[in-house]
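Labels run A, B, C, D, E and F following the written order; every chain starts at residue 1.
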Amino acid sequence: MKRGFYIGRFQPYHNGHQAVLEGIAEEVDEIIIGVGSAQLSHDMQNPFTAGERVLMITRALEEIGCPFYVIPIEDLRRNALWVAHVTSMTPPFDICYTSNPLVIQLFREASISIKSPPMYLRETLSGTAIRQKMLLGEEWEQCVPPAVVEVILEIDGVSRLRTISETD
Amino acid sequence: MKRGFYIGRFQPYHNGHQAVLEGIAEEVDEIIIGVGSAQLSHDMQNPFTAGERVLMITRALEEIGCPFYVIPIEDLRRNALWVAHVTSMTPPFDICYTSNPLVIQLFREASISIKSPPMYLRETLSGTAIRQKMLLGEEWEQCVPPAVVEVILEIDGVSRLRTISETD
Amino acid sequence: MKRGFYIGRFQPYHNGHQAVLEGIAEEVDEIIIGVGSAQLSHDMQNPFTAGERVLMITRALEEIGCPFYVIPIEDLRRNALWVAHVTSMTPPFDICYTSNPLVIQLFREASISIKSPPMYLRETLSGTAIRQKMLLGEEWEQCVPPAVVEVILEIDGVSRLRTISETD
Amino acid sequence: MKRGFYIGRFQPYHNGHQAVLEGIAEEVDEIIIGVGSAQLSHDMQNPFTAGERVLMITRALEEIGCPFYVIPIEDLRRNALWVAHVTSMTPPFDICYTSNPLVIQLFREASISIKSPPMYLRETLSGTAIRQKMLLGEEWEQCVPPAVVEVILEIDGVSRLRTISETD
Amino acid sequence: MKRGFYIGRFQPYHNGHQAVLEGIAEEVDEIIIGVGSAQLSHDMQNPFTAGERVLMITRALEEIGCPFYVIPIEDLRRNALWVAHVTSMTPPFDICYTSNPLVIQLFREASISIKSPPMYLRETLSGTAIRQKMLLGEEWEQCVPPAVVEVILEIDGVSRLRTISETD
Amino acid sequence: MKRGFYIGRFQPYHNGHQAVLEGIAEEVDEIIIGVGSAQLSHDMQNPFTAGERVLMITRALEEIGCPFYVIPIEDLRRNALWVAHVTSMTPPFDICYTSNPLVIQLFREASISIKSPPMYLRETLSGTAIRQKMLLGEEWEQCVPPAVVEVILEIDGVSRLRTISETD
């Protein structure tokens, strides 16, 4: 049994995440997906709640053919404790898939294996770029799995993002 | 689509929980299981980490035939905010299954539907009773699903509980 | 201008508090009332929210004839910082009216004047005793100012207390 | 009985706030004023403590002819819980007066009525502009009610702001 | 270079602690003393502040002939993160001296060496027993190093303990 | 007995700090060194843990000839409570040595004596400048005491800083 861990903020979950996870699914027996900054929502960088993000991810991965766990992870704001925090909230895992330099350094100091997955169309497929499209009224739907479009429509997510982007 | 929410501390997850969830599985389309007091572990009432409990529950429910989410929920120590906390961490749900009077009151004030599931062998099947058996060296394995026995053995959980129960 | 500070949990605000405040009103120009443990509600010792307690106190003091402030004070769980916490949340005051030994010690170490007001019918007039009457269905209404009865009826407070007192 | 809620940081309370509250006073029976970011003080954007701000507001509203509550509200840094936090700290209210897009979105999702009051001389009457005048030694006194001038002089507030604005 | 870690609440620091540390001093090159529950003070179990306890310990160890560090450690209330918290606040160490079962279990799971030092007159030399003597007006001075007597007299510690032990 | 307090983040501890402390050592009987933002580490402005910084300082001051305490101080994010927080974590002191305007203002409001020590080669000797040298591969070793070079090499600190400075 080999378990891999992958963490992101998923604001929103998009095709780049999906591509990475499809790659991981071929290397491990089970995937643990950490939903980072779980306590944040309703702000410009973090419009969606942890629960909404759990829903997006679970829906999008229904056909991935590899068992997975989706776990909200609240920020701790104490880097030296972060690995212990993550491992206390998740089933045990053997490898962490990440390209984030801080996550790499923290797991390295904890002697946990790390692998940097290839990025998929990084420039256009990023949460920042997709939220920008939503704000400008551009096409964002083709950047995320169809199940994510459904969730965002259901919660009226684009309208939420636009309202909180206004200035008073 | 109807989603039901069920919360417990699951220290450990046992056959009583399993029976309740099998009942709920027949009434809803998806189940959300909240793992309460997620931040607690390694104490007499809460020996297991949230991640270990997520693992127990997921393993035990593999055959339940109803999609489910397992979500760690950290305590907030502010009852008036607890429903908002829970709903921010979970996909939207239609009904809360609980027999806990405080949970009933808090969801009632938030106008969320509540249903109290029948308890299954409450006196013998409780976390407290099972942890007591573990401490006394009595048979506890028949009180929990086989998958939970495996998880507890793998993490050497009984030994952990016994060590922290000693006095210095 | 002389301001006096008085703190309690006011679960609920009762005739004993009212009698003490009527006494203080004759000694100072303005009264600051701190609503302690403001973050607690919906538990057996703290059934009412800070906002509900602010409402009870304000209504009951309408005719006291002395300007007053009602300020929720969240617990800090760090005694050495508590006086600084209180004074940051309140207008400046000259004297603290209290009979609580910890509050006396903390203000004394901060060189703030203290006066212990006479207690009024302490045995029968206490939050504990009144909550007990509510649970047992005994007459509690004569223990609190009429305005407090109204607030508790309006929020269905007795029913809330009874529900959370049940065992599951 | 109709209660209206109005929130701000009030760093400091100024004539723009006063004008808005005078307008609200004609539409409701009671006003609840939330003093936001109550835990902040002694920084460039938040020089005054919650208690000092409570004092400014209370003094300035003495003649408003409408009962009011002034309630410090500490930041929660969790937007999804913020409405529950506010409502737990305040008496119940029917309408929220605000022009802040995030507050609008959060109350809207909680199905609470919102009304955006007309702004009064927004460009010159803002906390930022007034703090800038204090730093530059310009006339700021005519931007705030006379009672606020008195409070700021009493606590030597301009000197505090200037000291913390220095670089070491 | 071998460093040993020893943790306690030291309410107050007494001859039993001193005897243990004198033993450790012969086994390591440097000692790290963690002052646990550093955030607590002014309560019946924790009358002294972290700073007062740092002073007691430093004074009492002046002649121990082994370099030492005295580090306040605030409680985290999350056992799974506690070892990471401790190691982030202290210089690196090779061995933990403790008889506390929870500390043993947590360091064991982190693969850090543990050694249980012999206890010295445990029944009479305990913080609980010494605080009890202080309350009852019995002789407590011979239970602690002379330097600790001085610190407690200087801060009027016995009077503080007695005041907070009163009932209102 | 006169004690002086000096606080910094010490990221890392450098020759400027050393020069200031050598000056203070001639004016007081004991020095208390507060290690600020103790909870931060592994970020660009705060690469080192509190424990690593305690080690740097203690090593570097071995020959200073004045007793000293090194105390980690976690941030409180509430300026009005900060002085009470500091004084609860440290032995009592008579004077605070600081050039930080906020620290000056907070201690001044608490009526504690302040003295601004002369800065030593401020432009080149700053944590920011030294961290920049580490990132660029320039000579940083001559900016810190030899004992600090040893600690940073031992923990592979430069490599840590470089890794977390990368972009993903």
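The rule is short, and it goes like this: a contact is a pair of C-beta atoms (placed from the backbone, for glycine too) under 8 Å apart; a residue touches a chain by one contact, two chains touch by 3 or more.
Note that this is a predicted model, so its numbers are computed, not measured.
A.B. asks: Can you check whether chain B and chain D touch via the same residue numbers (shared by over half) or via different ones?
C.D. replies: same
A.B. asks: Which one of B-C, E-F or B-D makes the same contacts as A-B, at least in over half of the residue pairs?
C.D. replies: E-F
A.B. asks: Indicate the whole-number Å distance between the mean C-alpha point of chain D and the mean C-alpha point of chain F.
C.D. replies: That gives a centre separation of 37 Å.
A.B. asks: Need the CA-centroid distance for the pair chain A / chain E, whole Å please.
C.D. replies: 43
A.B. asks: Residue numbers in chain C touching 2 or more other chains?
C.D. replies: Residues 41, 49, 78, 80, 87-88 of chain C touch two or more partner chains.
A.B. asks: If I apply the definition of touch given earlier, which pairs of chains qualify?
C.D. replies: Between chains, contact exists in these pairs: A-B, A-D, A-E, A-F, B-C, B-D, B-E, C-D, C-E, C-F, D-F, E-F.
A.B. asks: Under the stated contact criterion, what part of chain B meets chain C in this complex?
C.D. replies: 77-80, 99-102, 104-106, 108-109
A.B. asks: In the complex of these two chains, what residues of chain A are touching chain E?
C.D. replies: 76, 78, 80-81, 83-85, 87-88
A.B. asks: Can you list the residues on chain B that touch chain E in the complex?
C.D. replies: 39-43, 49, 160, 163-168
A.B. asks: With touch defined as at the start, can you tell me which chain A residues reach chain B in the complex?
C.D. replies: Those in contact with chain B are residues 38, 41, 49-52, 54-55, 58, 69-72, 74, 87-92.
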